[in-house]
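Structure, as structure tokens:
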Amino acid sequence: MRDPRQIAVVGVAGYSGLELARILLRHPALQTPVFYVRDANGTKCLSERFPQFRGWGEAPLRLLSVEAITSSGAGIAFLATPHEASAELAPPLLQAGLRVVDLSGAFRFRGAETFTSWYKLPAPHAEWLSEAAYGIPELYCEEIAAARLVANPGCYATSVILALRPLTDAGWIAPNTSVVCDCKSGASGAGKDPRRDLHFVEVDQNFKAYGVFTHRHTPEILEHTGLSESQVVFSTHLLPLARGILSTIYVTLKQPRTVAEVEELFRRFYAGRPMVRIWPAGTLPELQHVAHTNFCDIGFALDSSGRRLVLVSCLDNLGKGAAGQAVQNLNHMLGIEEQTSLQ
Amino acid sequence: MRDPRQIAVVGVAGYSGLELARILLRHPALQTPVFYVRDANGTKCLSERFPQFRGWGEAPLRLLSVEAITSSGAGIAFLATPHEASAELAPPLLQAGLRVVDLSGAFRFRGAETFTSWYKLPAPHAEWLSEAAYGIPELYCEEIAAARLVANPGCYATSVILALRPLTDAGWIAPNTSVVCDCKSGASGAGKDPRRDLHFVEVDQNFKAYGVFTHRHTPEILEHTGLSESQVVFSTHLLPLARGILSTIYVTLKQPRTVAEVEELFRRFYAGRPMVRIWPAGTLPELQHVAHTNFCDIGFALDSSGRRLVLVSCLDNLGKGAAGQAVQNLNHMLGIEEQTSLQ
Amino acid sequence: MRDPRQIAVVGVAGYSGLELARILLRHPALQTPVFYVRDANGTKCLSERFPQFRGWGEAPLRLLSVEAITSSGAGIAFLATPHEASAELAPPLLQAGLRVVDLSGAFRFRGAETFTSWYKLPAPHAEWLSEAAYGIPELYCEEIAAARLVANPGCYATSVILALRPLTDAGWIAPNTSVVCDCKSGASGAGKDPRRDLHFVEVDQNFKAYGVFTHRHTPEILEHTGLSESQVVFSTHLLPLARGILSTIYVTLKQPRTVAEVEELFRRFYAGRPMVRIWPAGTLPELQHVAHTNFCDIGFALDSSGRRLVLVSCLDNLGKGAAGQAVQNLNHMLGIEEQTSLQ
Amino acid sequence: MRDPRQIAVVGVAGYSGLELARILLRHPALQTPVFYVRDANGTKCLSERFPQFRGWGEAPLRLLSVEAITSSGAGIAFLATPHEASAELAPPLLQAGLRVVDLSGAFRFRGAETFTSWYKLPAPHAEWLSEAAYGIPELYCEEIAAARLVANPGCYATSVILALRPLTDAGWIAPNTSVVCDCKSGASGAGKDPRRDLHFVEVDQNFKAYGVFTHRHTPEILEHTGLSESQVVFSTHLLPLARGILSTIYVTLKQPRTVAEVEELFRRFYAGRPMVRIWPAGTLPELQHVAHTNFCDIGFALDSSGRRLVLVSCLDNLGKGAAGQAVQNLNHMLGIEEQTSLQ
């Protein structure tokens, strides 16, 4: 019999995995999670390998294998692994009766072709793609609560989709106008593997654009806003800081609106959704307001014509953009308060 | 008799002024400049006040007064002062026969109302506004060479105008589409006066938008691209680094173009203009390529439809965005090689 | 009747005050604290003034006066104020029956002359100086538990004293040899008031020594290690980061020791003290291991002679160096688990 | 016939090599240098590979081989290579009549055992070790001017040796007291190869000690100050910035001195040596004063007893700590002004 309060975490070596460990170890409704790694180097507990956990975050570290996880009593597995690994690990875990929250891109699309065209890989079996719930709880909390498999969204995609959905649902965006999403992320979003372009000296004092028109989070944005590829321009930039995404989004409205109307639209849409905070008209959120939290903060500016709207959406790419949102999804799967362990 | 190789510099205490000092002190065609400050604190030379100049940058430091400057033999004055001070200082210096390069916004607009409406101050006398050359030598080198008064452009404005001019001159931009200018600057652009929002702890690890629809560089962009206020969306952001501006600019083209056509347009436009470097299609410039230089680097990405164009324009806000460009203007005023002392 | 679970916090506008708010708002044994400020600017709750608290940290913000605090039922007051303000506020609060945890230097010394000679001010009344407990709970938990007034130690002093005390208590340090304390701190330790030398551009990419032989934390180190002023050399440096202190301390031992003996001495000294973590011989703690925590991590290296010992002591200057330690002291004053709300 | 103004540079891919390129390309007394790399990736000139050189730093890039260099007319070779490569490349180049400036540790010691014991490798042939001049021109300019082989010193070693030599030459240091050298360096000193511990996220917001008692620059310090291994304690730390070394050095003097005496000792020692700048008593140099320069700035503080002296020595690890000093050595080898191209 699987125990939903018993958690298996795969991929603790990366930044999302470490953040997941930090949150799960303090989670009051869970047993101590078990962490699985490809190479334990002889270590048997989390704090031996990651000294920041010494003295408060003791938890077992085990060699990763599907069998090791399925033969434990774990009811839910988190996969903080690259999409190739997730595509391989999720199906047998699901078949063995675990529920899975996957932080990679492997199960984020209904259509196999979308995956294949953006990830240049055969897609996971269609059965799983169609079953996966897309893990933004502010939009899909019922599907998530019932899901066996939750595809945790991309960090950029979360910040853009949460900012655009009130507008697309209300039908406010003028057709045939560009929706420009100019997104900036800290370096932890690019992972922990040493790379020349993520070397300290290359990032510090530097700033650059990358992935213009080509970023893999594009199809998530299209699918969950209903905007067409020809309407969305999505670009990403690398900030010289560790944590945080700030997206500046430029929209043309169908008809003129007042700032009060815009604020009201957003407030109503996110009423009862405490992890999305709408900023009062005339103020804009900054990365420092969301770093180390699970909040997504959204503010806006409207020009004097009332038709050109600029949205600013901020979150912590390891919080609401990855591990935090994954635990928020877990809370819905467990049927408990969604903010548990996230404040 | 005024000597054009004898330079007076006002405002060395700010970051632009210090950068100006660094460049002018190495300039092979000039005599040692004289630096004027409001309060010398008893110091008599530059290196007493700014120890980084010790041992190589000895130059006189004098108490600022119009008379002190006009009674010297100086032929050219640089004003690295706030616009209020520049508006006051420039006219008497010009009347005394000096030529002036002003780094503030005081003389950047032909129309007095434009100045007044964006700066909330009475404009300088119309005579000076109409006489001032706008100091982007790649666009206006002849006016600059002949000018008595050069208005050195805003840092953001320089990066945006240089990126857009090939397109607006060629008439490539689709009418009635937004031109989105999402600009990011390092903190030295905001000046040297201590301010709560520029305190180290407030900027480090932070990133924010500011001045959306309200930045004072807006009218410069409109005036020198010919685009209308309703077409341009201009926003600015504060990067957690000291030097550099990167502008990401989103344009919709009238008709589909190939990357080769776009690259060719830019290369032709800036042929013989060594301080603007066009990046080959498929590559994008980064801040690290222009920091501590007088270059403006421009790259681009074109989507598969050939109509949506993203430009990336980088420069050092103290170099090509302020002091470097000011010296480039000086070189044109002196009739010498424009790169002198700028490499 | 005063309620010890009802807390008044003075000085929330500074970095230590904000960190205190973050910790106290999550503290399970307390009522919602009340925050007092000199100038409320018309705001009535914490999150109106500090938007990062929106949605989770609602608490009242009131205008500061001694009467406002004493007329509330608060049992304990935290003073996150400059020493001048603390010296003035603490006595009337104590006389009204509150217990006080003061984060400034006002009550850190037994001797009034010590205060006067280092702070150039008349000392608070001797009655309070002699009553104040010095708030390092690993050394003085019984005095703290019983104290009416706790003087929370300096951030540098905490890192140095915790590293040296096992050695000085054991009498291991060779007499007449220098004990060199080379300490480095992040910029939040210097406070939140805008200052030219704490302007972003002046700190970023910079590093400097300051306060050599003159830092006000010196007498705390002398008093709580028993070392003489002629033996200790204490210097401080400003790191280009926001949070954290790393002290590198150089000691000559009376007689040769093995690494096992050194590690054993430290482990025994801090047995049962979970907030001080001793690193295994051959490893050294880094700032990233203690940032945003209340830990003080201590590691060491011993040369081949066994007599020259280098200690590395790390903590978060706002955590164990200020607000975290203040709450650890509070927990002792309340007689509850010292780590409550500190993990 | 070899031309001393024709320069071959090996190892331009690293940070020291790039800095060398920047300085040499502007050097007025040289022809355009030729750069040799192990793998040209089809590129034929410097700016194709390193876009920051576009438009001003055109120079040939060639595939590295000893023959390619010796068959050119180059008179002097710079080796900005790891010590293994330098040990292999230098002898055949010297035998072919080139003079060599080596930036690695391969030829820094007279004694082969010293090299072997610190570098764990067989030493280069004794003939070359004994012939190499140690490249600190302020101390050994005559040997350097005449040398066929110059061993450019370690960056940390330069900062420490320049600070200590006035004291050791004057015999001022008390015998049997520790000389503590607490040194901090920016990350460019650790090279350009991607490494987990130099990944942006691991260095940013972090600070750590490393190499305590074990750093390879130790024997250079001992050899050129005459201090014994038992007297010097040398530790190194990694700063979260790209460029610069600041060494804080703690010395006990044999007899009490005044600040005037100390300042006078240093000023006299470095009279006529413009690249070492002595700071007036009461002031201390900071990294920002030397970044991007070839200066070593030295300041000091003396305690009230006049016997405990703290020195602060700053330089740019890629400037005076590597490439800048290498060019300073070149200038002496060419018999020209030592500051040429270094301001």
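Going in written order, the chains are labelled A, B, C and D, and every chain counts its residues from 1.
We adopt the following convention: a contact is a pair of C-beta atoms (placed from the backbone, for glycine too) under 8 Å apart; a residue touches a chain by one contact, two chains touch by 3 or more.
Bear in mind the structure is a predicted one, so any value in this text is a computation, not a measurement.
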Problem set entry | Where subunit B and subunit D overlap in contact partners, by chain label | A, C
Exercise. Measuring centre to centre, with centres taken as mean CA positions, what chain is farthest from subunit C?
Worked result: B
For this session: Determine the centre-to-centre distance between subunit A and subunit C, using the mean Cα coordinates as centres, and give it in whole Å.
Result: 37
Exercise. Where the CA atoms of subunit B average out and where those of subunit C average out, how many Å apart are those spots?
Worked result: 46
Problem set entry | Inter-centroid spacing, subunit D versus subunit C (mean Cα positions, whole Å) | 40
Exercise. Out of subunit A, which residues touch more than one other chain, so two or more?
Worked result: 202, 204-205, 240-242, 285, 288
Problem set entry | subunit B - residues contacting subunit C, complex | 15, 187-188, 192, 194-196, 198-205, 240-242
Exercise. Inside the complex, what are the residues of subunit C that reach subunit D?
Worked result: 177-178, 180, 182, 184, 202, 204-210, 212-213, 230, 233, 235, 237, 239-244, 246, 248, 250, 252, 284-288, 291, 301, 303-305, 308, 310, 312
Seminar exercise, completed: Listed in rising order, the residues of subunit C that touch subunit A in the complex are 26, 51-52, 54-56, 205, 274-275, 277, 279, 283, 285, 288-290, 292-293, 295, 339, 343
